[in-house]
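Two complexes, one shared chain (chain A), two partners (chain B, chain C).
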Partner chain A sequence: MTDYIFGGRREGEVPRTHEGRNPRDVSHLASQRLGVPVAWWGIAMLVASEATLMFTFIGTYYYLRSKTPVWPPVGDPEPHVVVPLILAGVLATTSLPMQLASMAARAGRLVATRRLIVLALIVQCGYISYEMWDYQHELQTTTPSHDAYESIYYVLLGADHGHVWIGILLNVWLLAKLGRGLTMYRLNATIAVTWYWHFVNLLTLFVIGTLTSATLL
Partner chain B sequence: MATVELPARERVERLEQMWQGKPGILGWLTTTDHKKIGLLYFWTTLVFFAAGGAEALTMRTQLAHANNNVVGPATYDELFTMHGVTMIFFFIIPMTTGAFGNYLIPLLIGARDMAFPRMNALSYWIFLTSGLFLYIGFATGNGPNGAWFGFTPLTERAFSPTRAEDFYTLALIFNGISSSLGSANFIVTMFKLRAPGMSFNRMPTFCYAFLAASFGLLFALPVLTADCIYLYLDRIVGTHFFDPAHGGSVLLWQHLFWIFGHPEVYILIVPAFGIATSIIPAMTQRKLVAYPLVAIAELLVVFIGFGVWAHHMYTTGLPTIQVVFFGAATAMVVIPSSIQVFSWCMSMVTGRARFKTPLLFIAGFIWMFVNGGLTGIMFVSIPFDQQVHDTYFVIAHFHYIIFGAAVFPIFGGMYYWFPKVTGKLYLERPGQISFWLIFVGTNLLFFPMYIVGLLGMPRQIYTYPGNMGWTAYNLAETIGGFLTAFGILVCVGNLLVSYLRGLPSGPDPWLGPTLEWATSSPPPEYNFAVIPTVTSAYPNWDPEDREEDVRKLADGVMVLEEGHEQPVVTTADGNFSEVIEMPHSSPWPPTLGLCLGLVFTFLVLEKFFVAGIFGALCLLSLVGWHAKEPQEA
Partner chain C sequence: MTRLRKLSLLQWFGLFAAAGIWLAQHGIGQGMAEARCSAAGGGISNDAVQIVLMIVAGVVILAAEAASVVVFRATSDASYHSPPPVGRMRMIAIATMSTNLIFLVIILLDGIASILDVACRNS
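After this line comes the complex of A and B, so read on.
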């Protein structure tokens, strides 16, 4: 029988996802895999699309700003700077436990994976709780229909909050999945959700940086 | 020999059993098979094409004579808006990427399905419901009427108080979700699911074209989505994005729309380039001239397309430096376009060209593309652009590109891959007649538009006085329009009759170079009994590799019959990385598509609470979707 080799590997030497149904097998199969999983590319495409949408919002902010002599326009309150920037920084630190969770899952350490995601989730929930309260509070003084500045302010901030909410829901779903053990499918999901959070955290820094620039610059 | 063949047959039977979908309508509703989804796209887009064509013919009938009154001005506004939106968003893109891309790309790269089969099904169901959503608006007297580019302030609530523009904005956002999902799926499929050995430099040029279109959609559509969100909020919430009196900008709409809109033109035609680069090698029996340059040119066309948007805005008072920059960028598109035209022509001249119907359509496409391209280059001359802005000259150029360059290859591709999809040969003589009818009809339809445009006839007018010297040209255009429609009917009729009575085609009637011709016609649900060996960009012209496939089947290598198995490779080199388990059929994609449709319906009705309830149902559908992992199916 012919010895068939595909890029230096025989068919039998290549990992099969359906064989990864416990942490030890998952860890072994993940180490045999070349390059990133299909799920990573899937989330990369989602992030590319979402990043384009969000940077269109940010581009709109600066476009409208370039057409307005005073920014924020007269009559609009200046945005807060210190608390939003600190909170965005705190949210950005959740990239660390998420990345560690991803690495722990790859190493087959299921309990550590769950704990790290819970840790990140607590911080993320704290962030969004304050931000939602603040958003409601701001709506009592100004509204998106006041002028173009307020329109883009609320759309940009609201869209960013939407991304944080989606990330939180993904983490809750991931924890529910990991509660039933580790499979290759769940490892891939952990990697994908981690990268989604890296994107959301970076995005939040850009969004808060843009909005606070009205006061700072 | 017999002892070797028996296990091979058993393996094939096992594959058939493993990949068999549900029977009947339930099977079509829950399918995740890329071929079935491709066919669903095909038939649905044909219906939308018929609707868009009927709208066009009604307009041509109205314009056949001066002072005609077949339809009034309000209806005419709806007709040209619906025609544009339908043909661009609900015919050409879903026909090329949805139908051709879905059916063919996994076959061309030696895969068994798309990277995300359920997401693939979801993109179809969203496409269908978004189309129904738009046409429900039209049928209920809320057809969009602000042209396909929906310029503000005309489309703001102050000037368009009905729900028509709400249907427009929400339909485009809704449809954009479908196209974004589809394009992400194509990119990942081509990056990761190629047969081991198919490195990037061995990937068919058809795939490069679809890769370029997918990247274009992925980065262009969010800009349109943002624009439509602003317009929807301006209309419903009372924001001021496009209201200069409150710090907004009318031109913001145009900038964002054309940042999307011009790449969109290339997104529409690049898949057609891919179809041409598939048909030409098969019909000339020679490798494509300058394959690497053509692959790069396909990507470059879309890339440069992102830097030319403001040439649609020369009459809006942009600063001269911007106008000059965008003029120069527009001129750059000539370079990758010309590389491809020379490659197609030289391949035909130096090969043994068989001018069967598919190649006739490609030859017609080259004529139309060069014609539309040459008049497009005229827009680089800024004073000329300003002079013919909003005249029929622009309509002529646009339709030479969109109908001539995008739709001709679609017809060519329908004939070319008909034997693969149906297992039958089409009737050659009626096929050639349909080509000549369509070719003469479209030129008669669109060429006089250049002349009336230069004579000053503006676009989007529902009638005109008899003393302008435009009547004869308009009558000729109308005759051309009906001739084209007749040609299309002959084409569809031919394919239907051939499907019912055609001779068996066998797996490879054209001696084609790519992998879809290496499997049976129509292909089985698992596409390939053995994941094919690939050592060149023309794998079906490598007989040793195809013989090796037969030996591999006998030896049980790369049959992957333990489940819905699919090999995954490294992105650039195509080295064998892992074997993944693909999902089976699923009820969740149509469920989610329906729930999303209801979300958008209640958004247009401004029933936000009910829309929220259906939004929650969407989330529950996603939970159901992921409840069962592929390896548990």
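After this line comes the complex of A and C, so read on.
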């Protein structure tokens, strides 16, 4: 059954993940691929499960809101709008250097790949630094146990920050790996991490948009 | 239809069926519970609806699990390093054999909690 694969080619004619251990070979082999690597499917499944989790939180937020006449409830501070939306937009722009890094890795341009990931990482670290400060500052005025609004607010925001942290750790790990050269495995990892960041950036826009809607709408 | 295409369809069914049927069970179940608790909903038996939803969802998930096992066994001479589509099918079959069981537990918990709990009261 595995003799002929998609496209009518024999299995031995298709590049394997363990082949290609330098940028030139990786670039050549990547151009011969018939489809996305298995790593892409793996990250797609991860993104689907994380999206399910986060959208149940968002669904919970709107369910609570639909049952509460005044939102946020009286006594709870209204969320800030301008700074969070601007920062979410800044974070979303890191999808561009990450996508360019993925394309550079496919082309075998290792130095460009590293530089673009570093650029994205600087912006991502700046974002999470401010958000961590803001999160702990808000905890000094209200707590998650205060009421359902504060509970879902902190859960939703904290979960989003957690995903940003995971993305940052993935970028640091990826840079460490790419520091030792480019292989097909590391190309697959770059592609997978890039897609993870596209998801996190889109998720952050949804989360911040949901939370700021309490002030705007 | 080639054997490879049939296996590919089984693999996609094994991946999406569980999540889709849980979405349907949860959505329909919540909607029926809300209808039961409305002023005109006295004729709806919430327990009966939840039981039917749970059974249908459970059957679909067991079918999805069977599909995943079939794909896993059919690709036994490959690994997830193999070229597409066989490598992809095997990897997803391995993952869905576990996740379908998790979804089965979710569906049972969802249904049992809906049946044991009192539908129409303030939270």
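We adopt the following convention: the second predicted complex is superposed on the first by the 207 of 217 C-alpha atoms of A that agree within 3 Å, B and C clash if a C-alpha of one lies under 4 Å from a C-alpha of the other, contacts with A are read in each partner's own complex, and residues count from 1 in each chain.
Keep in mind that, in the parts below, a contact is a pair of C-beta atoms (placed from the backbone, for glycine too) under 8 Å apart; a residue touches a chain by one contact, two chains touch by 3 or more.
Source: prediction; values computed, not measured.
Undergrad: When the two structures are overlaid on chain A, which partner does A:73 contact: first (chain B), second (chain C), both, or neither?
TA: first
Undergrad: So, A:32: does it touch chain B (first), chain C (second), both, or neither?
TA: Once the two structures are laid over each other on A, A:32 reaches chain B alone.
Undergrad: Count the residues of chain A touched by chain B and by chain C, then name the partner with the higher count.
TA: For chain A, the partner with the higher number of touched residues is B.
Undergrad: Per the contact definition in the header, classify A:169: touching chain B only (first), chain C only (second), both, or neither.
TA: Only chain B; A:169 stays clear of chain C.
Undergrad: What is the contact status of A:136 with respect to chain B (first) and chain C (second): first, second, both, or neither?
TA: Neither partner.
Undergrad: May I ask you to decide whether A:50 touches chain B, chain C, both, or neither, giving the answer as first, second, both or neither?
TA: Touch partner of A:50: chain B, not chain C.
Undergrad: Taking the contacts chain A makes with chain B in one complex and with chain C in the other, which residues are shared?
TA: 1-2, 6, 11, 14-18, 34-35, 38, 41-42, 45, 48-49, 52.
Undergrad: Help me check something: in the complex, which residues belonging to chain A touch chain C?
TA: 1-2, 5-6, 11, 14-18, 34-36, 38, 41-42, 45, 48-49, 52
Undergrad: Under the touch definition given earlier, write down the residues of chain A that touch chain B in their complex.
TA: 1-2, 4, 6-9, 11, 14-18, 21, 29, 32-35, 37-38, 41-42, 45-46, 48-50, 52-53, 56-57, 60, 63-64, 67-68, 73, 144-149, 151-152, 155, 169, 173, 177, 183-186
Undergrad: Along chain B, where are the residues that touch chain A in the complex?
TA: Those residues of chain B that touch chain A are 115-116, 180, 183-184, 187-188, 191-193, 196-197, 218-219, 221-223, 225-226, 229-230, 233, 237-241, 243, 246-249, 252, 255-256, 548, 551-552, 555, 557-558, 562-563, 565, 567-571, 573-581, 619, 623, 626, 629-631.
Undergrad: Which residues of chain C touch chain A in the complex?
TA: Listed in rising order, the residues are 3-4, 15, 19, 74-75, 77-78, 80-88, 91-92, 95, 99.
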